[in-house]
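Multiple structures are listed underneath, in structure tokens.
You will see subunit A twice below: alongside subunit B first, and alongside subunit C after that.
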Partner chain A sequence: MKIKIGFGILVFFALMALAGPLLIGADPAATSDDGLQGPSAEHWLGTTQTGQDILTQIVYGARISMGIGVLSAVIANLLAILVGLVGGYFGGAVDEVLSVLTNIFLVLPALPLIIVLAGYLPQRGVGSVAVVIAVTGWAWGARVLRAQTLSIRRRDFVQAARASGEGPLRIIFFEIMPVLLPVIATSFLATVVAAILAEAGLSFLGLADLSTVSWGSMLYFAQNGQALLIGAWWWFIPPGLCIALIGTGLALVNFGIDEIANPRLRTIKVKAPRKART
Partner chain B sequence: MIVLEGRNLTKHFTSARGPRGRLGKRPPVRAVEDVSIALRAGSVSALVGESGCGKSTVARLLAQVYPATSGELLLRGEPVRAHRGAAFRDYRRQVQLIFQDPFSSLNPFHRVRYHLARPLRIHGHVRSDEEEHRRVAELLERVSLTPVEQFMDKLPHELSGGQRQRVAIARALAVEPVALIADEPVSMLDVSIRLGVLRLLEDLAKESGLALLYITHDIASARYFAEDITVMYAGRLIESGPSEAVTQSPRHPYTRLLLESAPDPDRVTPRDTARHGEPPSLIDPPGGCRFHPRCPVALPVCSTEVPGRTELGEGRWTHCWQAETPELTRG
Partner chain C sequence: MRFLARRLGFYLLTAWAAITLNFLIPRLMPGDPVELLVARMKGNVEPEAIDAMRRAFGISDASLWQQYLDYLGNLARGELGRSITFFPTEVSTVIADSLPWTVGLVGVATLISYLIGTSLGVLMAWRRGTWLDGVLPAATFMHAVPYFWVALALVFVFGVTLQWFPVSRAYGLDVMPGMTGEFAASVLYHAALPAVTIVIASMADRILGMRNVMVTTLGEDYVVMAEAKGLTSRRVMWAYAARNAILPNITSFALSLGFVVGGSVLTEIVFSYPGIGSMLLKGVENEDFPLMQGIFLVISLAVLVANFLADLAYVVLDPRTRQESE
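Let's turn to the complex of A and B:
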């Protein structure tokens, strides 16, 4: 059930990001004379101070926000898989070095670092923001994967593969990694949530590329235009709600995967006991 | 011809947990102490002992899953020194290990074809896809998984325990080893299919001149299956010889205990359970003969000095202070 609701939310946003801009067709940055209007038949979600259509911005912003989220989650997970599996499998000095590296990135305060890094970026495109978020966000995944690898490398099928002459890289990526796929999937989804939040945070602070429309930059402009003071709720609630919803959707799917991968977490439906007949 | 020989193999494990001894060091687990064992081409030898006596450690030492603390390994009379690189890979190619649990020794994500094709590819036994298909089919046929086409594309969870163990055996054979070490190959299998798997192993040893080491806790199956039996207790070898001789007239009191504990439908009188006791801790094993706290015929010397090897002729030997007085050890 959880996974279905979560999946529904994600499919909705994915369709919005992929097909939405084609349906709407308007330019999200285009200004008009109807500034700061509430929701109406013409502008379903109202307009901004400069008369931009909020719905158009939300739909286009979905592309940027989700794109950055997925892109940086992909980069972060590749790093996590590489560091976690290699360290966990080889052990010894390799593991020591990689563990120290992971721990350093774990204790680094992520948001301030992102802000500093983003501030120094020569150009703040979608790609560079995604890389910055990924670089600060891979360490948890690496740690979890390392711990799992430590237990799996002792299993018989890994020993057997080694005994039949498989090389270490082949063992890591063909014997151990498939077993870890549920873990990788959950950590991927968790990173997507974190990356979308981080992107929104960066844009809100004005550190991302403000010329592209994302949910975070919408919030930034709403804050700048003092939407809250004016009472223009339609300006900041839609992007905030979108971020919250997509986070909920991903978290629900994550719980669902957890329940499938780990039967002990499954909620068992118990029928109400029949009244005892005497 | 002796194919694989271990001389004075010793393995101590350092435990990761548990109380620290003096100087903050954790005492080692003395899993295997001074074990010498030889495997001959085309013959089946058995290593028998109860749970936790170090049988599996011996298997893994022989297969070089981990290096021995001390002692040496000889493959066709040549000492094995390499622990990595091409020479080590060559050793792995010659000596293969079959694991106890067929449910964990096959990767759940790979099909039977993959399990068998990988060793063939790694060791360059096949060059083309066509040849690979042919060789995989041959291997499946050798372990009687027929019709082969049906088994090739199955995943491990679609197979029964016996079928999985056959796949594991086929995988070991794919490497074309000269020695095969089977660590309790049938203990996780249903009783009704054990005999089939054992017969298969026996035929393979006979047909292809493999040296097979059969490791088990079941001395009755060792007697049926192996030509020689070596008995192990608490990390040490205690008796060895041709299987009929060892099982008919055991010379070490522990071997007798082991034989008595095997179920026998013909035995009417209840067996004496008074002196059975527990196997000792391998962190702090008893001094002298490790069996002395449980031994019905122990002498004072047994608790102080390790008995040396007493040769009894016809390839038999035992480690027991009472070996010269057979009427005592025979009970």
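Let's turn to the complex of A and C:
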């Protein structure tokens, strides 16, 4: 059930990002004379100070926000797979070094590091922002994957592959990695949420590319356009709501997977409710 | 105490990594920070000023190794260079002025969020199958809400619309900073909304984390045994189940601290709170690289110290870590 709702939310946003702009067709940056209008039949989510249609911005912003989220999650997970699987499989000194590196990146506060790195970027385009977010976001996945690799590297099928003369890289990427695909999938989803949040934070501070419309940059302009003082709630509520909903969808899918793995977590009605006892 | 010694060793290593990262970032990122600065000022800079900036960054013709040693030496004397935004104030002075605000705000808010979140998680696991399960979807939603958006919503509702709370600064313009009750009241009043933001945005993780560990613990034999002995519910819930479930929870709490600190940076900025997060943004906006770097270093070290405190709590709560020493 959880997985279904979660997938439903994700599919909705994915369709919005892919097909939405084609359906709407308008330019998200186009200004008009209808500034700061509340939601109406003409502008479903109202307009900004310069008369830009907020629904159009949300739909186009989905592309940038989710695009950067997915792109940096892909980069981060490639790093995580490399570090986690190699460390877990080889063990010994290689593992020691990679583990320490992973733990260091796990403890260092990500957002301040992202802000500092972004401060040094000569151009803050979509690609460079995604890379900066990925560099700070791979450690959690690497840690989980290392633990899983450690637990399966002594299994029979790995031993058999080794005995039949397969090289270590082939074993890691063709024997072990396919088994870990569910773990990689969960870690990927969690990284997407973190990356979308990081991008939103960075754009909100005005440190990402402000010439493209993303949910974060919408919030930046809402804050700087005094949307709060004017009372233009329709300007800042939708972008944040979209971010939170995507996060909820991804979390629901992940929790659903957890519950399949650990049935105790399910929210079934227990036979004797504990409050009945004294 | 081998556990603590090992953790301390790791934190020292991480502190060294943060310090070295801080040294390498300006040298590895594309472009020379000084050139970047000159370009943004459109060349209206005296050659002497460029030289002074280079010296402030420690960028010289000396070998990278020599620059690194100089940097470590300066750091050991507590010298972080001079801020460009607040020239000629030392970066260390800017940080010393803003750090107490952040430590106070984030420290108290995190503590409150931990206590409420963990207790709610325990209760929700214990009363599984009752109306308390209704909190789960809400917590799942809150878990992904951006801190700054919670902040904006609170400003809108309680600051602008209802006008119950102030929405910026750390204390009122009408009070003099000092050890007076009036000043303290003003500080608390101004800290209310930022603190509530951090509590709301960080609490969901604690609820969900504690509930999941607790639910797994409730299935253990010793909990069933405790119930069979006829102990009161409260005693079984807190002294048997929660007492054990809290251990993994402390570990995940320590790891989430970096995330909380990141969120509170954004929260401070929304509320123009004069803490270290607002200073970080000022530094980045003004290309004030020494200030940026100093703040990153201080934030990293603060998170490390907080992690070490969490480890201390772990040692107090888990007797197994203490037995190793014998």
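Assume the second predicted complex is superposed on the first by the 258 of 278 C-alpha atoms of A that agree within 3 Å, B and C clash if a C-alpha of one lies under 4 Å from a C-alpha of the other, contacts with A are read in each partner's own complex, and residues count from 1 in each chain.
One rule holds in what follows: contacts are C-beta pairs under 8 Å (C-beta built on N, C-alpha and C of every residue); 3 or more make two chains touch, one makes a residue touch a chain.
This structure is a prediction, so every number in the text was calculated from the model and none was measured.
Engineer: Should the superposition on subunit A be reported as showing a clash between subunit B and subunit C, or a fit?
Structural biologist: fit
Engineer: If we overlay the two complexes on their shared chain A, which of subunit B and subunit C does A:Phe236 touch? Say first, second, both or neither.
Structural biologist: Only subunit C; A:Phe236 stays clear of subunit B.
Engineer: Looking at the overlay, what does A:Gln159 touch: subunit B (first), subunit C (second), both, or neither?
Structural biologist: In the superposed model, A:Gln159 contacts subunit B only, not subunit C.
Engineer: Which partner does A:Lys4 contact after superposing on A: first (subunit B), second (subunit C), both, neither?
Structural biologist: After superposition on chain A, A:Lys4 lies in contact with neither partner.
Engineer: Which one hits more subunit A residues, subunit B or subunit C?
Structural biologist: Here the partner covering more residues of subunit A is C.
Engineer: Between subunit B and subunit C, whom does A:Glu175 touch in the aligned arrangement: first, second, both, or neither?
Structural biologist: first
Engineer: Angle at subunit A between subunit B and subunit C: what is it in degrees to the nearest 10, using CA centres?
Structural biologist: 100
Engineer: In the superposed model, how near does subunit B get to subunit C, counting Cα atoms only, in Å?
Structural biologist: Comparing every C-alpha of subunit B with every C-alpha of subunit C, the smallest gap is 9 Å.
Engineer: For subunit A, which residues lie in the overlap of the subunit B contacts and the subunit C contacts?
Structural biologist: In subunit A, nothing is touched by subunit B and also by subunit C.
Engineer: For a test of understanding, state which residues of subunit A touch subunit C in their complex under the given definition.
Structural biologist: 100, 103-104, 106-113, 115-122, 193, 197, 200-201, 204-207, 219, 222-223, 228-229, 231, 233, 236-237, 239-240, 243-248, 250-252, 255, 258, 262, 264-265, 267-270, 273-275, 277-278
Engineer: Across the complex, what residues on subunit C touch subunit A?
Structural biologist: Against subunit A, the touching part of subunit C is residues 10, 13-14, 17-18, 21, 25-26, 29-31, 33, 36, 126-130, 133, 136, 140-149, 152-153, 155-156, 159-161, 212, 215-216, 218-219, 232-233, 255, 257-259, 261-263, 265-266, 269-270, 280-281, 283-285, 287, 289, 292-293, 295-296, 299-300, 303-304, 307.
Engineer: Touching residues of subunit A toward subunit B in the complex: what are they?
Structural biologist: Contact set of subunit A toward subunit B: 155-157, 159-166, 174-175, 178-179.
Engineer: Name, in rising order, each residue of subunit B that touches subunit A in their complex.
Structural biologist: Contacts found on subunit B: 63, 65, 89, 92-93, 96-97, 99, 101, 104-110, 118-119, 122-123, 168, 171-172, 174-175.
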